[in-house]
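Common to both upcoming complexes is chain A, partnered first by chain B, then by chain C.
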Partner chain A sequence: MNELSASSRITYRAVMVRPGVARRIRGLSDKTLAWLFITPTILLLLAINIFPLLWTIYLSFTNYRANRANVPTIWLGADWYRSILTDPDIWAAMQVTAHFVIWTVLIETVLGFGLAYLIDKKFRGHGMWTTIILLPMMLSPAVVGNFWTFLYQPQIGLFNYVVAFFTGRAASSFQMLGDVTLSPWAIVIVDAWMWTPYVMLICLAGLRSIPDYIYEAAEVDRATKWRQFWSITLPMALPFIMLAVLFRGIENFKMFDMVNLLTGGGPGSTTEVASITLKRAAFESWRTGYSSAFAIILFVTVFGLANIYVKALNRVKSR
Partner chain B sequence: MAEVEIVSVSKAFGRTQALSDLSLTIGNGEFVALLGPTGAGKTTALRLIAGLEQPDKGSIRIDGRDVTGDAPADRDVAFVFQQYSLYPHLTVFENMAFALRAPTRRVPEADIRAKVQEIARLLHIETKLDNKATQLSGGQMQRVAIGRALVRSPSIYLMDEPLSSLDAKLRGELRLELKRIQVDLGATILYVTHDQTEAMTMASRIGVIEGGRLMQIGTPREIYENPVNAHVAARLGQPAINLLPAALFGGAPAGAETIGARTEHLTIARGADGDVSATVKRVEHLGDQSHLHLDVGGRPVVTLADPEAGFGAGDVVSLRLNKPLFFDARGWRVAA
Partner chain C sequence: MKRTMKTLVVACGAVAAALGVGAGTAQAQGKTITLCWAAWDPANALVELSKDFTAKSGIGMKFEFVPWTNYADRFLNELNSHGSLCDLIIGDSQWIGGAAENGQYVKLNDFFKKEGISMDDYMPATVVGYSEWPKNTPNYWALPAMGDAVGWTYRKDWFARPDVQKDFKAKYGREIGVPKTLDELKDIAQFFQGREIDGKKVYGASIYTERGSEGITMGVSNYLYDYGFKYDDPKKPYAMDGFVNSANAVKGLEAYKELYKCCTPPGASNSYMSEGLDAFKSGQVALQMNFFAFFPGLYKDPNVGGDKIGFFVNPAGPAGQATQLGGQGISVVSYSKNQAEALQYIKWFSGGDVQKKWWALGGYSCAKSVLNDPSFPNSAPFAKEFLQSMGMVVDFWAEPSYAQLLQAEQKRVHDYVVADKGTAQEALDGLVKDWKAIFKEEGKKF
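The block that comes next holds the complex of A and B.
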């Protein structure tokens, strides 16, 4: 008797929650429901990403200045773009940026992969070393910028002291941040110090993904360690290395905070990377239209380069 | 090709003794199979010969030369791994040519090409040479893995369950092919498996390994007909040997505690006029024959029967023993 009533209750309930019926009651198709769920996210993205982008594009064609909002806005066409692309100061900033990006990415990749290769050998205490090496990237760029300012201090700075110790030159005979030839390298050194661990981490993931038995097979196939490195380790870790290069490249192309803290673009404009030029134009000279155009040029450059690069990355991956 | 000798080798991993005092000689051109359950130490034995592990005790000699401390590259062995272990970013051709391209070998490129193509034809993968190793099916990958070993002419081929990850049909085909290739090339092979059919059909000698010890080594017939103990007897035969207390039947020799009865040791008849009577519990029809599950004095016995005999569940039958095997209390063989 009990069993019978239980089973009839179950059947009754099953009818009640049949999806088709529920759908008809509320008038919602699966598609409507899906839209309902993603609409808040889309609205948020539109508000904080797409709208500012479109607004910036609009402003880049006008004489708009954020500090003189009541001056009537005039449509200027591509004037800003023309003047930016022919401005030698802009090209100088682009060169400073290129120097910074190329050297940091190169140094970080070589050192990062090298460290990953060593850590992957699983020597005694490799876990502890990994943690120690990872410390710099866990710090805030503001902190890093400030304490490297101290390290680079000619009289009391540890960096100058160490260089002096090894080269025999007087510690106060050079200024890393105040010298036109040294300061571009000063910011490269700090960025490499801070972000090599990050590249190492990604490379380490790549190296750990190569199974041991591949090396064992190569060992039996009489491949020397040298050949194992070039024909197994490097090709199989290459997609990871390329990914690290992509992340670091994009990140450093728009470098601002650390360089701004260390040198503020100086001395002169020797370390004035593109985003510092941009910040000055936008928030010191208040040339909003002009800086919008520059921002769009930077955006298109990074976007274009990254796209070409991702295509290459995919080719390597599918190899 | 050369003779490979393993002399009283022991190997432990932490507190697990993987191999204890293993001695084994694989003659030139011989196909020896190591048969045993998972964790018996079969793979460890292969890895020790390859040099991928170092023994704690004992020595390994290849062609009369002591190679115990040598690196894998200096031993001239080829290894087929259970997980294929192909180089995923290389093509089939490059995978097979990899070992030939070792700088120390200086094989001319034309010879490499010819050799790889010859072996690829042998394994029926000659149309796949330009494919990526990862674009192949499991069976094809395993052929490439075998091919990668076959392009070389090493002292010995070491094969670690190369067919275990394939489906039954492919396994059967490759079993035949591998045996044919071994005979054609006169190759020396040490083959590790837990599949008794592979061991029985391919090997010229079978070594049964259990708990890190070599229980017995001999031709498939010797191992099957004259097992030294109950472990070895239980490894071979389908359905598995029935181990029954000697007291159940009369006429056991002195010291015999257990009777080992394979299907050919049991004669079944209807009625209750044999040595022992039994009840049919279940009949499994396999087509050409049937598995008969019997109950003999409360103990399960499985044997084969002709489907024509028409036994059914509940039938009472009688069993007669016909030269069965006898084992003592510790499982060792007792002469009849």
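The block that comes next holds the complex of A and C.
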């Protein structure tokens, strides 16, 4: 009896409250309600994305240094932008970055799609091989950087021994990380090893999305496998491949951790990608204004290229 | 049953009271302060030493040790963000300018005066290097804590082998021994490069070539100084033309590159302290360039220590003999909430007996009372060499912009020595250009 009374009281209270709230909510327009729901998210985005971006833009026009907060901040106009865009070292870093991005994306796309094409065919041990192929991308870049440093070690490294086995050269006669010609390729190899499985996964999703009946129709029309690949598989998987290229391109444009661990930008500045130059300027030299300007230039570059690419991707998708 | 319960309650109450009183006493005794430094052998010795401080003062000690490769990044970030993690910091010698000018360290002049701590009681090079800013003025921001310089180790047992002695004499017409000059050092390194010792291929020398932080600069300086490199005109500060890129300095840079090319193990393109230790401890190299701070640990090493290892100072070059200063002073962080306790630690650390124990445990005291003691040169197999090195040290710029200056040298030197980019003259001319631009941005006139 008592329990019943308690439950009735709760219901009664709920009934008493609900109409008020409901009335208040009913009084709001759809637009106001929508704003009410998205305002917290917008505030969060403003605080953690937009404000830092605007602040960085402001700093990029000043002489501000984060380690010398007591020094008066002077407005420099576009001085940093001019100095960065005319600095040969910055262009060298951009070239290193371009080499890294182009080759890694190319290799990862070709290998990733190839692997996806193979994995898509059912064969014995298919699941096990898929898992094995996916392993590298599950590792932390810090771990990958460290163990590839050992693999590339000229005296004890497995990589050198494998190359020596196939080429007949002495294992310690070349150093992947200390040689000006080889080190840019050393970082490309490691990135390709780690991220090809990721491209494979996206391509696999693309291949699996192609309906079987299209191939069946092609079989009825006696199209060869080669013809089916060029006319069905590749065009239909193309938006997925392009998406993988976009993701890897953006990701590798800002590559830092793995390259920093493998070579630290060396030998000399041979593998100094833009993000390493940026980190040195921002957190070692503490040239906050300068590095803000460089960060904005990098952001605009990636954003611009990505936008052009997305337009191309949409065109392909709408075909 | 009732009585048992009563007894239990009383007992529990007594235990709780005792614990409560204990905790209260511990709290009343004092605070805990945090000391920040690099993670290396001397830091372990300091932990041991600091137990005496806790026992004496009741102040607990916490330690924040960071590996050398992240040491500057980590702690400069901490200081620049006005963090209060560290009450005391053993900061690198080059930080002193920035830390003093940016108000990150507490100025210690008044404290030293009040406590009767005199900088005359410390080796002059360490006072200038670790404590003063501006240099050579009586403005103190740290107490010299850990004296250090670059020195060399060699495989005494290999030098003593009759076959080695015979072959070396046949090749160079002199006995193999501790090198007096950089040319002799190169001969020895070249002699061992690729040689078989006990059926194992060994190499000449492990030297600093690291690109990311400060490695190659700390290494090449030992050659540059000996060949006549100077940071600026002694009569006109910041005037670098003809001093940084003098003909002699160019030869010094070329000599360092020759040593790197002829006589280092394969894959030594990014070596610093730990890589040098690994190469020496694994029996790969005959010679090793490294800081004295590691020598006590190397001497104790079961494989290459004891009778197998010898130590020597950086040999002379055509223009003289000098060596790169390492080491640090201990400072109180101005953002610390425990400054009084931190100063208490510095007072305790400056004590004569503490300094003696510091050296005995494996730290390098900078106090004259320890270093000028007649028994000091024989107190360790490397003590004499340490003393000699501290008498000829030169340090890198300690300006507030030191990190930028360092980065410029790292890039220019690594580009030339390891990446074979350009000539030595171009590298040093480029360095002068970079340094001028940095000083210009700083508002310096030259």
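To be clear about the criterion, the second predicted complex is superposed on the first by the 288 of 319 C-alpha atoms of A that agree within 3 Å, B and C clash if a C-alpha of one lies under 4 Å from a C-alpha of the other, contacts with A are read in each partner's own complex, and residues count from 1 in each chain.
Methods note: a contact is a pair of C-beta atoms (placed from the backbone, for glycine too) under 8 Å apart; a residue touches a chain by one contact, two chains touch by 3 or more.
Predicted model only: the values in this text are computed from it and were never measured.
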item	value
Fit or clash between chain C and chain B when superposed on chain A	fit
Of chain B and chain C, the chain that contacts the larger number of chain A residues	C
Which of chain B and chain C A:266 touches, first, second, both or neither	second
First, second, both or neither for A:180, with chain B first and chain C second	second
Partner chain in contact with A:220 - chain B first, chain C second, else both or neither	first
Contacts of A:284 with chain B and chain C, given as first, second, both or neither	second
Which superposed partner A:30 touches (first chain B, second chain C, both, neither)	neither
First, second, both or neither for A:235, with chain B first and chain C second	first
Lowest inter-chain C-alpha distance for chain C and chain B in the superposed arrangement, angstrom	51
Common interface residues of chain A - those touching chain B in one complex and chain C in the other	none
Touch list for chain C against partner chain A, complex	72-73, 76-77, 79-81, 98, 101-103, 210-212, 265-270, 400-401, 403-404, 407, 411, 414-416, 418-421
Chain A-touching residues of chain B, taken from the complex the two chains share	50-52, 71-73, 77-79, 81, 83, 85-90, 98-99, 102-105, 132, 148
Touching residues on chain A, where the partner in the complex is chain C	66-70, 152-155, 157, 172-173, 175, 177-180, 260, 263-270, 280, 283-287
Contact set on chain A toward chain B in their complex	211, 213-214, 216-224, 227, 231-232, 235-236, 319
